[in-house]
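Two complexes, one shared chain (chain A), two partners (chain B, chain C).
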Partner chain A sequence: MRKRPGIGAIHKQRVEQERFRGKATELQDNVFEQMTNQMEKFRTNLETFASKHRNEIKKNPAFRKQFQEMCSSIGVDPLASSKGFWSELLGVGDFYYEIAVQVIEVCMATSQRNGGLITLGELRHKLIKARGKAQHHQNISNDDIIRAIKKLKVLGSGFSIISLKDTQDSSDVLIRSIPGELNADHTEVLKIAEAQAFTSIETMKCKLKWDDVRCQQIINELIRDGVAWVDEQSTAKTYWFPSFFKPLINEG
Partner chain B sequence: MDRLYFKDKNDCSKEITSYSHTTWKGIRLYDGDSKTEYRSETAYLTPSRLYFSSNDRPAMNMVLDLKCIVLVEEEEGSILRSSKIILHLLPHVSEQHSKPYTRSSASFIKLAFSNGGLSNFKICIQKPLLERAWEKHTESSSTSHSVAFQDMKNLIDMAKDMVQLASVMSSKIKDRHGDISDDETVKFKSYLLSLGIEDPVTRNACSSSNMFCQHLAKEITTFLLTPISDSGGFMSLSDAYCRVNRARGFELLSPEDFFQACNYMEQLNLPLTCRKFESGVLVLQLQSETNSQLEKDTESLLQARRKLTAFEVSQELGITIILAAECLYTMERKGVLCRDDTVRGLVFYHNEFSSRT
Partner chain C sequence: MEFSWPWEYDFPPFFTLQPNLDTQKKQLEAWRKLVIDYCHHNKIFVLDVQESIPLFQNKTIDRQLSSEGIKRVLEILQENNQIEWCDKSKKQCFVYWKTPQEWGNLIYCYIIDKGMTNTVCTFYELTEGDDVKNEEFAGLDKSMLLKALETLEASKKAEVIMFGGSEGVKFF
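The block that comes next holds the complex of A and B.
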C-alpha cells in the first residue's frame, strides 16, 4: 500500500513554519540594529554639516536650491516635518515656513484688489519689504517662494501656481490664493493681458480667434471673480487686471 | 551580481597588502538566491572594497565596491542549508568594467562560507561600512563654496543610502505583516519622518503613538480656542497656521505637521475640530458649533437687508470672505437661498420659490 502524507508530515510542516517565523524575527532584530546605527551615524554627519554650513544655507539662495534639488533627487523632502532631521539640525524648516506665513499674509492683504491672483514678482517684492533689513532676510529667491507655496497646498486654501509662459520669469508666474480653478480660457486671456495689464474684446478676438460670445463670457467670469475690472470710460470698453500693475516705487 | 566587476590582480595588490588583514577561503557566491559557479579561493576585505580571487580567471579579481552595500544580514541555515551572509546592494549603474554578470534581476548577493569564517566576516565588514572611507579621498578645495558643495554631496550620498535601506525595510515589513512588533514599526516610522521620506507608512503620521502630533493638537487648541470663538466659531486653516507660527516665533511648524495635528483633534475629543468644505477649503471650528449658529446669523442678516454678498456677510459677522462664501453656498445647497450671478458679482436672496409653492 502507498504511504500517504499523514499527521506526521503536517506536524513537521508546521514545525518548519514556526522555525522560519522565528528566523524572521531574528533577522528583524539585526536589521533594526543596523538601521539604528546608520541613523546615528547620519545624524552625527548632519550635525557636522550644519555646524559648518548652516549660515551658507541661510544666506545663499543658490546653495539652498542645490540642496533642495539634491534632496528631491533621492526622494527626500526636507520640509515635510518640523520634527525632521533637516529642520531640527539644519534649520531649513524655519526659513521656508516663515516665508510660507508671510506669503499667506501678503495674499490675504491683496486679494481684495487683485481677486486672489498675484504675480510672483510682486509677491517677492512685498515679501522683501516685509522682512527685516538683514542681508539674509533680503536674499530670498523665486525658487524659495515657490517651494514654500507648494507646501501650503495641504492647508486647503487653494494656493496654486500658474505659469503663463514656459520661462521662470517672475512676472510670468501667477500665484492664486483662493479656491476655485482658472480654466485654460481664463489663462489665455491673462497671457494676452499681461504685457499692458489691460485688454479689450477686440484684442481678444484678434489674438485668440474667439467669437464675441466666448470672449464676453470669459471676461465676465474674470470680472465676477474680481480679477478683472471694467473701464467703461474708454471708447471701447477695456478690462484692467490689477494683478499685473507694476508695484509703485513710492508705495508705502 | 551585476555590481561585481573584474580587475587585474596587479592593480589590486597594493591596496590588499596595505589594508587587508583577514582573508576568507572558499566563499561561494550566490546571485540572489541562485548559486553561481563562482567559488572564490581567497577573499580580501579593504576599507573600500571586497575582493574575490577566482579560479577560472587567475589573473583577475572580482571586486565589489563597499559603497554599493546597503544592508548586511545573516541568513541562518538548517540541516540542509548552510548559514549565509546576505549583502543588499544599490541598484545597477552602468559602468565601464568587464563583469562576471552583466545583468541581474536580484538586488542582493549571498556568500556561503564553506571553509568557515562567517561570524568573523560579519564583524569585520561593519567597520568599513560605518567609516565610509570612500568619501574621504576628495581633495579639499581652495574655495569654501566647493568645500560646502562637496560636503553637501557626501551628506546627500549618505542620505541616499538611508533611503535605499528604508525601502528594503519597508518591503520586508510588508512581506511579514504579523511578525513585526509594534515597537519596531513605530521606530521605523519615526526614522522615515526624521529623514523626510515619503512612504505610505508615514502618510497618516498621527496616531496614538505619535506624541509630538498629540501634543501639537492640544497646544493649537489651547492657543486658538478664544480667537476662534470670537470670530464666529470658524477660522480657515491657513489663517490659523499663520497665527500659531507667529506666536511661536521660531521652531515653526510645517504645514503638514499643522494639518496632521488639526485632523487629530476630533479623535482626542478636543473642543476644536477640522472640517472640509466641498470646495476643498479647510477650517477649524468649535466642536459645539454646528453650522446652525452661523447660518442663523446669516439668515437674520438677510432678513434685514433682503440681499447679501459674501463680502457683506464677512464684514458683519467678522469672518473671512472665504468662510462667508462657504456658508452661503451651504445654505444655497439646502435650498434656503438663491443666487443671482451677474457681472456685478454674486448676490444671494432668500429662496422665495420654495416658500411660495
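The block that comes next holds the complex of A and C.
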C-alpha cells in the first residue's frame, strides 16, 4: 500500500512552488531588465542619430517630420522628453515650445477679427513673418505647427484643429483658439463657405441637403460664436467668414 | 498720400448692423476708428452727417451703412468724446481727431518756438499764413481754432482780442 502524501510532501510541494514562483519573478525581472536595456539602447541610438543628422533635422522640415514619425513608431516621443531633447538637439530654446508660444500670440492678435478661427496657411504666413526677425530662423512647416498645437492641446488650452478635408493642405486646416463647440455640422458649413468666404441658406440646402430649420440653426450658432457675419444687402442674405476673407488674410 | 482703407471696408457685412452684439461691438469700434482716421487724413474738422454718406458706403462692393447704423457709429464717437454736435439739430459735428486741448498745445508750442509770445497774431496768420504752411494746424477750421484758444485762455496762456476789425490772439 502506498503511503498517502504526508505533511512532509505537502511542505516539499510548497517549497517547489515557491521556487518556481521565484523563478517566474526572476524571469520577469530578467525580461524587464532586458527590455529596459533595449529601450536605453534605442534611445541612445536615436540620440546619436539625431546628433549626427542635427543640421538636417534643423533645416529640413520634411526630414524632421520623418524623424518624428520614426520616433513615434518605436514609441519614443522626443517632445515629451523632460531633458529638453529638442533644445539640446537644435541648440535653441525648446523648438516646439517656442512655436507654440508664437501660435498663441498670432491667434490672440487675430481672434478679434476672425472669431478665433484661423486657417493654417494664414497662421504659418504670420508665424514666418514674426520669426524672420529673430536670430535663429528655421524653416517651419505646417507639420511643425500642428505638432506644436497638439502640445498645447495636451495642456488643455482650448486649442483645437479642424480638418476641412483629408489632406494636410494648409488652406484645408483650421485652428480654433477659443474654447467652443464646433461640431461636425459647423465644419460642413465651413467647408462649403471656404472658397468664397461666404455662403447662404440656399447654398447650404443645395450642397448639404439640409432643411431650412437645420441650416438656420447652424448658421445662427456660427454667428453667435463670432465666426460668421451677416450681409443683408445681398439679393438673398449671405453669411461671411472673416477667417476665409482674402483681404484680411493677406493683410499685415 | 492715398487713404488706406481698413480690411473691413471691403467686407460686405461691415455695412450691415450685426445681430450678434459682441460682433456688433467690434464692428462699431472699427467704424469709429475709420471715421477718425479718415477725418484725420483728410483734415476734416466738421462733419456734415448728410454729406458724410460717401464715408459710410463703398460703391465698389455696392454696400451702404443704413441711417440707423450711421446713428450708432456717431453715438459711439460721442461717447468717446471724439465728436461734438454743433447744435441741437445734430446735422453737423466737430470731429476731434485731435482734441481742442491738443490743438491748443500744438499752437502754443509753435508760438514759443518762434519766440512770438507777447505779440498779437490774427487768426488768419495762425491758420492760413505762409509761415504755418507746414504746421499740423494749418487750415484749422475757425470754430476749432476758437475752441483751442479757449483752452489756452483757461490756462492763462492766451487771450483772444479784436483789433482793427479782425480777430486775433495774444500769447503769453
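Simple rule for what comes next: the second predicted complex is superposed on the first by the 178 of 252 C-alpha atoms of A that agree within 3 Å, B and C clash if a C-alpha of one lies under 4 Å from a C-alpha of the other, contacts with A are read in each partner's own complex, and residues count from 1 in each chain.
One rule holds for everything that comes next: contacts are C-beta pairs under 8 Å (C-beta built on N, C-alpha and C of every residue); 3 or more make two chains touch, one makes a residue touch a chain.
Because the structure is predicted, anything quoted here is derived from the model rather than measured.
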Partner chain(s) touched by A:T187 [first = chain B, second = chain C, both, neither]: neither
First, second, both or neither for A:V31, with chain B first and chain C second: first
Contact breadth on chain A, by residue count: chain C or chain B: B
Which superposed partner A:F245 touches (first chain B, second chain C, both, neither): second
Chain B versus chain C as contact partner of A:E56, first or second or both or neither: first
Touched partner set for A:Q217, first chain B, second chain C, both or neither: neither
Which of chain B and chain C A:D231 touches, first, second, both or neither: second
Partner chain(s) touched by A:T44 [first = chain B, second = chain C, both, neither]: neither
Overlap of chain C and chain B interfaces on chain A (superposed complexes): 223-224, 230
Parts of chain A lying in touch with chain B, wherever the complex brings them together: 19, 21, 23-28, 30-32, 34-39, 41-42, 45-46, 49, 52-53, 56, 63, 66-67, 70-71, 74-87, 93-94, 97-98, 100-101, 104-105, 108, 111, 151-158, 178-180, 220, 223-224, 230
Residue ranges of chain C in contact with chain A within the complex: 7, 10-16, 18-20, 22-23, 26-27, 62-64
Of chain B, residues touching chain A in the complex: 71-76, 78, 130, 145, 148-149, 151-156, 158-163, 165-166, 169, 172, 176, 179-180, 184, 187-188, 191, 193-198, 205, 212, 236-239, 241-242, 245-246, 250-259, 276, 279-282, 321-322, 341-343, 345-346
Parts of chain A lying in touch with chain C, wherever the complex brings them together: 112-113, 115, 198, 223-224, 226, 229-234, 238, 240, 242, 245, 247-248, 251
